[in-house]
Each structure stands twice: as structure tokens, then as C-alpha cells.
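Take a look at the structures below.
Each of the next two complexes has chain A plus one more chain, namely chain B in the first and chain C in the second.
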Partner chain A sequence: MEQVIANGLYLGAQYALIALGLTLIFALMNVLNFAHGQMYVLGGFVTYTIYGQLKLPFVVALICSGVTLAIIGALMEKFLFRPVVRRSKREESTMLLAAATAFFLDAVMLLLFGEKQRGVPKIISGVFVSDRVILPYDRIVVGVIAILMIAAFMLFMQYSKPGRAMRALAQDRVAAQLMGVKVERYSMIGFAMGAMLAGVVGGLLVSITGVNSGIGGPISIKAFLMVMIGGAGVVGGAIAGGFILGMMESVGLTVLREYGDITYLVIFALLMIFLSIRPHGLMGKPWG
Partner chain B sequence: MGSEMINRRSTLKSLALGAVSLLAIAAGGTVSAQAENKELKIGFVGVTSGPAAAWGTSNVRSMQTRADWLNETGGVKIGEDTYNINIVTFDDQKDPKRAIAGMEKMAQEGIHYVVGPNVDDGAAAVRPVAESKGIIYFPYAFPKALYTPPASNAVLGMVANYQSGPAIYKYLKENKDVKKVAFIAANESDPLSQRDSGVAAAKELGLEVVAEKDTYQNDTRDFTPVLTPIVQLKPDLLVLSGVAPANAPLLIRAARELGYEGLISAETAQDATVLQEGAGELANGFISVGGASTPEIRTPVMEEFIERYTKKFGEYNDESNTKVYALEYIIETLKANPKAIDDVEEFKKTMDTFSAPNPYAKDSTLKYVGATSFGQKRQLSVPMVVTEFKDGEFQTLFVGEVD
Partner chain C sequence: MRKTSAPTLKIASAVLFLLVLLVAVPLLINATGRSDLYYTLTSVALLSIISAGVWITFFIGRINIGQGAYALMGGYVSAILVMNYGMSFWLTLPLAGLFCAVASVLIGLPILRLRGVYFAMVSLVLTEVARLLALALPITNGASGIVSIPLPTGISLFGLTLVPDFATLANPRLAFYIVAVLLMALCFLGLYRLAHSRIGQLCQSLQQNEELASSIGVNIAYLRVIAYALSSFLGGVGGAMFASISQSIYPSSFTVADSVNFMLNCFLGGLGYVLGPMLGTFVLYFGWDLLFQTGEFQLLIFSTVLIVLMLVLPNGLLSLAVPRKRSL
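Moving on to the complex of A and B:
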């Protein structure tokens, strides 16, 4: 059971990090970013190129993944989402734009990086072995980094000026504007941060799970699942959703293995019941 | 001075005109040489996008590389005519509905020979279209119903797992003392059917199957939770049924990191670079099946094919060791019976007696097989090369042949 819990916690930490960027963008702009998984994949490919191909240090690769995706996110917000949000009052316009962006990024990555699964050398070798738990050191390191990043993100949102501005924006866009918050600037910063988080977690996990150009869609779906569990647009909800999903997967795959692959069937069934009782997820409205 | 300039200008003008004329003649020559050749369209309907893109992409790229090569060397002589090969592709996105649309598109283009689809449901879905429109297709899917009478238009493009599995398990039982086997498969139709036939083959050989129901979602990125209970059963052999090349290194790595020390095998073709990048030395000893996979059985033609493929696409894909064959079989069979170029019934007649040298593997022949498995020759004879991965390369364990 200790192994199951360790697996669940590790999965939960990486899932939470994936969901954070998605929920941030939703909170700030009310945009369901279907391209979030593709941003994750792009971050993975940047790290693959810099760390795996050019043999530069992993940290440098990770920073490059974050910066690249932050720039792409900012550009997407400024030239794609901002004009659409300004011109269209219908929410599905941004959803369609996000879906189109996802398909576009998929095609570009397939052209640039090919169809193969890519991987990089382990960032740290060795496996922690005890009587009850076996966990490779690189997973421990990635899990710890993920938790530190989540903590840093929460502190940033809580205490920094841009963090406070973005929280205000998420709570009430018009009121924030009236109070002098520069809506366009902080929307762009928020979108860039969401994209950056996706890029960094993609880069971080490429050292364990590798990356290929076709996994963006499934990653997005999983991220949506976590956000739905925790409550859309709520940072704490995304974190909770990530850990709950990770733990449910880990426990389900062990306890239910006798019955075949029904873990996700059970998870989806529980989610349907849960959402019918609590449509806003665990933590309700944006920023609580 | 003035006349010198005029002379120089005239000379330059003459040279330029001469060069342009030469280029025009050369271009005209090329155009007329190409114009002399007829066009033979060969189709591809399969998956070239999404998580399984590697399967179809290796098909398409193999076909395009070979077609370019043949066209560059003057085309293919079939009967009295010489043809340039034109590969027409359609991405079915692993969706049976799109596969049907793709096959209909091939029929509209007057294509009679199509490589693909890559998966079971796609291959089953296109059967009515192929049969009604007179198309022979070459799926990479294993359901026997596709190749067994009354079906007659599908030709299996590779060695099926129910053909390679028993041979591998027997070899491992006799040579590596394997007694306990565990199976794991993605929760999709192809891997599940491959797992079931693998389980049956293992039981028939008297092996103890300790896990036969374990599955995973195909988009799983971290296999540690899935493999934890299986590793605890301590099997001698872990079979990754129908595993996609993208997932194989992740499964191997997770199993090894959980302390699994037994053998790991798969009955699907894999890529050495992907294994090396994704699992490194943890993939050493991994057993899989390929076509002309290893240097010792390759011919110079295969070496040149790999070189051309790499030059054209930047990187070779080891799955093409198997995927290289379908186009070759189509062309060689048409050469053997030119009437089949627009009459698939003629093609079917030729399949029973067809034989030609295998350009890609030493001591091997191109011929149609499958009589034992399907009751008729509806399978390409691709060398069943069982390989072991070692330090970034495949090494031959043994070579078998399907009857």
C-alpha cells in the first residue's frame, strides 16, 4: 500500500502542475485553452532539443522551455485571443480558436520533430529501495521540484503585485479595471504564465516520460479532468484535482486490476455523480 | 574600344543564349522522358497523425522513398509500358469512419492497390468498400476474418503476433528457462486481441500465465502504477502485447526501475533510437520482431534504401524494415502479371504462384503465404527476424518464416 500511496503522490504532484496553467488562463480570461497539452508537448521538445540534442545542462533547457512558451503564450494572447475576446461575446469563439490552435501546434510539431517518441538521459540515476517503497531518484527529484513550483506559484499569486492584480482580474474584470488594473497587460502576463507552466512541466517530465508530437490532446483532456474535479479557475482546486486524480489512478490500478481496465471507467462514473452533486467542483467559484 | 565592347557584349549574349538553350533542351528532354512514362497510382490509407502517427508515417515514408528511387531510375516496366509511381496518401487518424472515406477516395482516383490501414477496426471498416470497388489492400491488422475466405481482398502486410508469439515463447522456454509469463496490453482492440492470442499460445506451450487481464490507457505517460502489481508477481517474461513504439521504452523503464529482472518482449516492430532514448541501457535484452532489422541479413539494396530514407526525411525509422515490403510486392506482382494493373482478380490469381528474389534480405524470397493461418495465400512473406536490443542496436536472435 505504501508503494501505491507513493505512486499516487508523485502522479498527483505532476498532474497538479499540469492543471495549474490551464486553470490560470481560464480564471483570467474565461478561455478553455484546448492547446494546453500541445504547449506541454512543445515545452518537452524544447528541453529535448537543448538537453538531449545540444547536451546543455537540464536547468538551462528547462528555463528555455519556460521562456519559449511564455513568449508563445504572450503572442497568442495579444494577436489571437485578445481580438477575439474583444469582438465576440460568445464564449465558443475562444473555444474554437483554442481548438484550432491545438490542431495547428500538433501539425507544426509533427513537421518539426517527427512522429517518433523522444527521450532524454535521466537527470539523476539510481533507485530508492526500501522494504515497502521503490521509487527512482529522478521521480523523487521531479516530484519535489513540482511541489516547490506549486508553492512558489501560490506565493507569487498571493503576495506579488502582478499576482494580486491577476487575482483581482479573475474575481471581477470590470471592478479590477475601475480600480486601475491594466486588464490587457495582466491578461497577457497571465496567459504567458499559464503557457510557461505548461512548458516547464513538459520539460520537467520529458526526463521521465519522454515526449511525442501526438500526446497533446490526451494531456489536455487529463488537465480538464483535474480542473473539473477541483473547480474551474481555482488554483487550490487544480492542485487538489491533480492529487485526487493521481491517487485515484494509483489506487484504482492496483485494487481494480483483477477486473481489467476499469479504473478510468470508475473515475469517470464517480466524476459524473460528483459533478451532478457539485457542478462547480470542490472549490467552487474562481479564487474562492 | 567601342567595337571591343560590342564584341564582348555579343559574346556574353551568345553565351547566355547558349546556356538558356541548353537548359531548355535539357528540361525538355526530362519532361519528354517523364511524359513517356505512364503513371501508376498506389494508395495509402492509415494513421499519420496523433499518438499512433509513427505506424502510418513509416509506411508512407517507405513508400515515398522507394517510389522516388524507382522514378529516378527511369520508372517501373510493367508489360509493354513504363510507369512512374505516384503515392496517394490519406490520413485516417485511426478513425474507422475516416478510413472508409479514405478508401472511397482511392476508388474515386481509380486506385486498385492500397497499403493500410494500420489498425484492426480501420481494416475491418474498409472491407466492404475495397471489395465493391475492386481494391486490394494491405492492412497491418491481425483479425483472421480479414484474410480468410470468403474475404479475399485483404493481404496481411506483416507477421501476425499469433504467428511470431508461439515461436518466441518456445525459444525463450527452451533457451532462457522461462516458466511464468505476464501479459500487459493497451485497452484497445488491436493490443487486446494480440494479448488474448498470446495468452492462448503461452498456455498451449505449458507456460504459467500469472497476469492476463492487466491493461493501460494508450495515452498513459507514467506506467509505474500499472506495472507495480505485475512486477510483484515476479514473472520470468513480461509480454508487452501490441505495444506502440512510443510506449515500449516507458513500460520497459518503469518495469526495470521497479526492480523487475526478468525478460521483456513484444511481437510488434520497434525502433532502436526510440528505445535507446527512452530507456537507454534498461532496454538491453528487450526482444521484439522486425523485417530486415539487423545488418547481417540486409542486402546492399536495403542499405541504400535506409540511406535514401535518411537523406529524404532526416532520420530512419526501424519500423520501415517491415513497411518497406508492401509496395515492392505490389510492383513485383504487377510485373509478373501486367493484366493485374487494373484487374484485381488477375492479381489474386498471380498471388498463388508468385515468387521473386527479395531485394532487401539475404537468402529470402518474395512470395505470398498464409495458407496455414488463413486457408489461402493472403499474407506477405516478410522475414520474421526476432531480435534482442543491445546498446542501441538490434541483434538477431533467430530468423523464422511464416507458412
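Moving on to the complex of A and C:
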């Protein structure tokens, strides 16, 4: 049982980071970023190239993943989403754009990195063994880094000036603009941060599970799940959703093992029931 | 003056369009010998039926990325009825649609309360659920799917052959093409009627403001379930046809990518226009096929074109032809 909880916590920390990025972008721009999983994969490939191929330290690789994705996110916001949001009659048009960017990133990664599964050498070898829990050290390190990043992100959103500006934007775009918040600038920063989070998680996880160009879509779906559980556009909700999904996956894989591969089926079914009772997730605001 | 001639003009152009599809296109294909185009055009016709379903849900203001689930369901229902119970395919076609419609009512009752991105995300998840179900259920035969489904048999009424047995035909592709085009015509005719009927206008009121519509006395819960059931019906019929043409159905026949594509078809054609899904499907499918020659760059070019299209025409292709006028 302790093993299951430890696995769940470790998975949950990763998932929460992914969901945070998605929910941040959604809160600021009202854009459902279909390309989130692809951003995650791209982050993984950057780390793979720098840490696995060029043999530079893992930390450098992680930072590079984050920076690359932040730049890509900022560019996407400035040149793709901003004009479309401004000009289209229906806000759903951004969804098409996001889906097209997902295809685009998939294509680029397929061309640059091929379709093979890529892995990197372990960052720390060895396994932590106690009488109840067995966890490899690298998983512990990755989990701790993820939790630290979540904490840093929350502190940033709570106390820094850009963080406050972004929270204001998420609450009421027009009011924030009237109060002198530079809406366009902080939208861009927010998008970049969301993309950066996805990239960093990708970089973190490549050291454990490896990466291949096909997993972007499934990761996006998982991120959507977490956001739905917690409520879209709410930071606390994303974190809660991430941990809940991680825990359910961990428990499900253990409990439902003898029935075959139905963990996700059960999770989906539970989600449907949950959403019919609470359509806006745990903490989401009921908006139209 | 113009108003009186507009309906006749529309009917005439619709008939002309159908004639071109049913007579001129086969003649042209015969002349050029490109019989592989039959398959492509049949696919476009069927995909546009499925996309038309997505369009209906857009019409009530919901973003539906779950149409792949119903297409898969329809395909499986038809395949299982034909294979295990020996039913005629033509009977299973409406049954598949009805099955999906009933299923969508059950699923829709809770999830149609969601709006905006919430509904979009749930419907996306639905596609994944359908795939996992197809993998897990015993009757769907797991990952190996159902293969070598027989071709549709004939229908005869009082000794008169209405539809010939497809297995005896020299060119079943042509037959499938004609069936698909007729189905598509029927579907879009119905869609046009729906969009211009009283129900259609009520649906539009849902798209704009559900609370307001509800306060005027529109039964919004009933209306959106009906619209969703119609949408799923079309998805199921399209999926069943697809299973019959490819004579096989797998859990991966309709995936999340397909669901997203159905949505893209509607977007690309333009959400404000009945013919939007048809045009969008045609452009997307043919664009994808044409780019096949570029090999590994296919997806790259395709997605770049999509992004550029979105930047230049954020309101769909048909917004070019019908500027400013919001015609449905």
C-alpha cells in the first residue's frame, strides 16, 4: 500500500506540473492548448539532445528545455493566437489553431528526431529500499524537483508582480486592462510560462520513461483530464487534479491488474459520473 | 424579385450538383482510368456526413470532439450485426445510427450540461473511452478487430431488385460511391431543412444564450439532447458505411486524431454555413492526399497550410464566398 501511495505521489507531481501549464494558458487566453502534449515531448527531446547526446549536465539540459519552450510559447502567442483571437467571430477558432499547431509540432519533431523511442542515461543510479517502499533514487529526485517547481510557481503567482498581473488577467481581462495591466505583454508571458512548464516536465521525465514523438496526444488527453477534475483555469484545481489522477492511476494499476488493461476505462467512467454531479470540477468557476 | 427566384435557383443548383457527382464524375473517372478516385471521393462523402454531425453540435453551441466515438460505435454495431446475426447490411445501417443515437442520449444527458471547453474536453475523452471499450469488450474481438465483413447484399421487393448484391457487381467501388453520394445528399438536405426549421432557430438561440432561451420558454435540455442524438446518428451511419467499405473495423479505425479532424472539417468550411462541413472535408481530405507525394514533409506542409488558412480566414473558407451576409 505504501508503495502504491509513493508511486501515486511521484506520478501526481509530474501530472500536476503538466496540468499547471495547461490551466495557466487557459486562464489567461481562454485557449485550450491542444499542443500541450507536443510541447512536453519537445522538451523531452531537447533534454535528450543536450544531456544524452552532448553529455552536458542534466540541469543545463533542463534549463535549455524550459527556455526553448518558453521562446516557442511566446512566439506562438504573439504571431498565431493573438491575431486569431482578435479577428475571429467565434472564440472556438483558436481551437482549430491549437490543433493545427499540435500537428505542426508533431511533424517537426518527427522530421528532426525520428520516431524511435529515445532514452537517456539515469541521472542517479541506485534504489532506495526500505521494508515497505522500493523507489529508485532518480524517481525521488525527479519527484522532489517537480514538487519544488510547483511550490516556486505558486509563490511566483502569489507574490511577484507578473504573477499578480496574471491572476488579475485571469479574473477579469477588461478590468485588469482598465487598471493598467499590460494585457498583451502578460498574456505572452503567461503563454511562455505554460509552455515552459510543459517543456521542463518533458525534460524531467525523459530521464525515467524516455520519450518518443507519438506520445504528445495521449499526454494532452491526460492533461485535459486533470484540468477537468480540478476545474479549468484554477491553479489549485490543476494541482489537485494532477495528484488525484496520479493516485488513481497508481491505485488502479494495482487493484485492477487481474481484469486487464481497464484502469483508464474506470477512470473515465468515474469522471463522467463526477462531472454530472459537479460540472465545473472541484474548484472551477461556473462560466459559460 | 430576387426572393421569389432564390428557392428555385437553390433547388436547381442542388440538382445540378448531384447530377455532376452521379453522372459526370463517374464518366470522367472512366475516361481517365483513375478508378482509385472512387475510394477517395466515397471517403470524402462519408466523412462529410460524419462531420455534418459535428456541425449540428456546433449549431447548439457545443464543441464536439467526440464524433469518432460514435463513428466507431456505429461501425462495430453494423459489423457485429452482419457477422454474428447475419443481418442484411442495409438493415444494420439505420440500426447502427439508432444505436448511437440512443447511446448518445444516455451519455448526453449528464455531459450536455457542460459548456465551452469542458464539453470539448469531455467529448475528446469520449473518443478515447470508445477505443478502450472496443479493446476491452469481448464481443468486439479486442485489438484484432472484426475483419472480412461481407459486402452488402441485395434488396429485392416483390421480386424486383432494388439494390443489387454488391458481391456480384463488376465494380463495387462505383456502387459504394453512388450510395455514399446519395446518403450525403440526403444528409445535407436534412441538415438544410433542420437549420431553417423552427427547431433550427431554437437551436441557434441555444448557441447564443442558453439562459435567455430558457427564460423565454425553450426546453433547452430536451433540445440539446435531440440535437446531440441527431449528430451521433449521423456519426453512426457514417461509421457503419466505412466499416462496410473497408470490410473491417478495428479499435483504431476512429481515433482522437479523426475526431479532431471532423471538428477541423467544420471549422475550415465555416461554422455558419450548412455546406461548410462538406467543403471542409473535401479540401482537407484532398489536400492531405495531394501532399502524399511530398513524403515525410506531408504533415509539416499540411499543418502549415492549416495554420496559415486560420490566420487569413479565421471564419472558414465559405466566408470568402459569402462576405458579410450571415446566410445559413
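In the analysis below, the second predicted complex is superposed on the first by the 284 of 288 C-alpha atoms of A that agree within 3 Å, B and C clash if a C-alpha of one lies under 4 Å from a C-alpha of the other, contacts with A are read in each partner's own complex, and residues count from 1 in each chain.
The working rule: contacts are C-beta pairs under 8 Å (C-beta built on N, C-alpha and C of every residue); 3 or more make two chains touch, one makes a residue touch a chain.
Everything quoted here is computed from the prediction, not taken from an experiment.
S.K.: Check whether A:N33 is in contact with chain B, with chain C, with both or with neither, and answer first, second, both or neither.
M.R.: neither
S.K.: Give one of first, second, both or neither to describe whether A:T49 is in contact with chain B, with chain C, with both, or with none.
M.R.: The answer is neither, since A:T49 touches no partner chain.
S.K.: Examine A:D106 and indicate which partner it touches, taking first as chain B and second as chain C; both and neither are also allowed.
M.R.: Both partners.
S.K.: Just chain B (first), just chain C (second), both, or neither: which does A:P83 touch?
M.R.: In the superposition, A:P83 contacts chain C only.
S.K.: Answer with first, second, both or neither: which of chain B and chain C does A:G217 touch in the superposed model?
M.R.: In the superposed model, A:G217 contacts both chain B and chain C.
S.K.: Counting only touches as set out at the top, which of chain B and chain C does A:D261 meet: first, second, both, neither?
M.R.: It touches chain B and chain C both.
S.K.: A:E249 contacts which: chain B (first), chain C (second), both, neither?
M.R.: A:E249 sits against chain B, while chain C stays out of touch.
S.K.: Report, in rising order, the residues of chain A that make contact with chain B in one complex and with chain C in the other.
M.R.: 106-107, 110, 217, 260-261, 264
S.K.: Can you tell me which positions in chain B touch chain A when the two form their complex?
M.R.: These residues of chain B touch chain A: 48-54, 57-58, 187, 213-217, 219, 221-222, 224-226, 228-229, 245-247, 249-250, 257-259, 271, 273-274, 277-280, 313-315, 317.
S.K.: Can you check the complex and tell me which residues of chain A touch chain B?
M.R.: 3-4, 7-8, 10-11, 14, 52, 106-107, 110, 114-122, 127, 129, 134, 136, 139, 205, 208-210, 212-215, 217-219, 222, 249-250, 253-254, 257-261, 264
S.K.: Touching chain C in the complex: which residues of chain A?
M.R.: 26, 32, 34, 80, 83-84, 87-90, 92-93, 95-97, 99-101, 103-104, 106-108, 110-111, 217, 221, 224-225, 227-228, 232, 260-262, 264-265, 268-269, 271-273, 275-276, 279-281, 284, 287-288
S.K.: Under the stated contact criterion, what part of chain C meets chain A in this complex?
M.R.: Residues 58, 63, 107, 109-111, 113-118, 120-122, 124-125, 128-129, 132-133, 135-136, 210, 256-257, 260, 263-264, 267-268, 271-272, 296-300, 302-304, 306-307, 310-311, 314-315.
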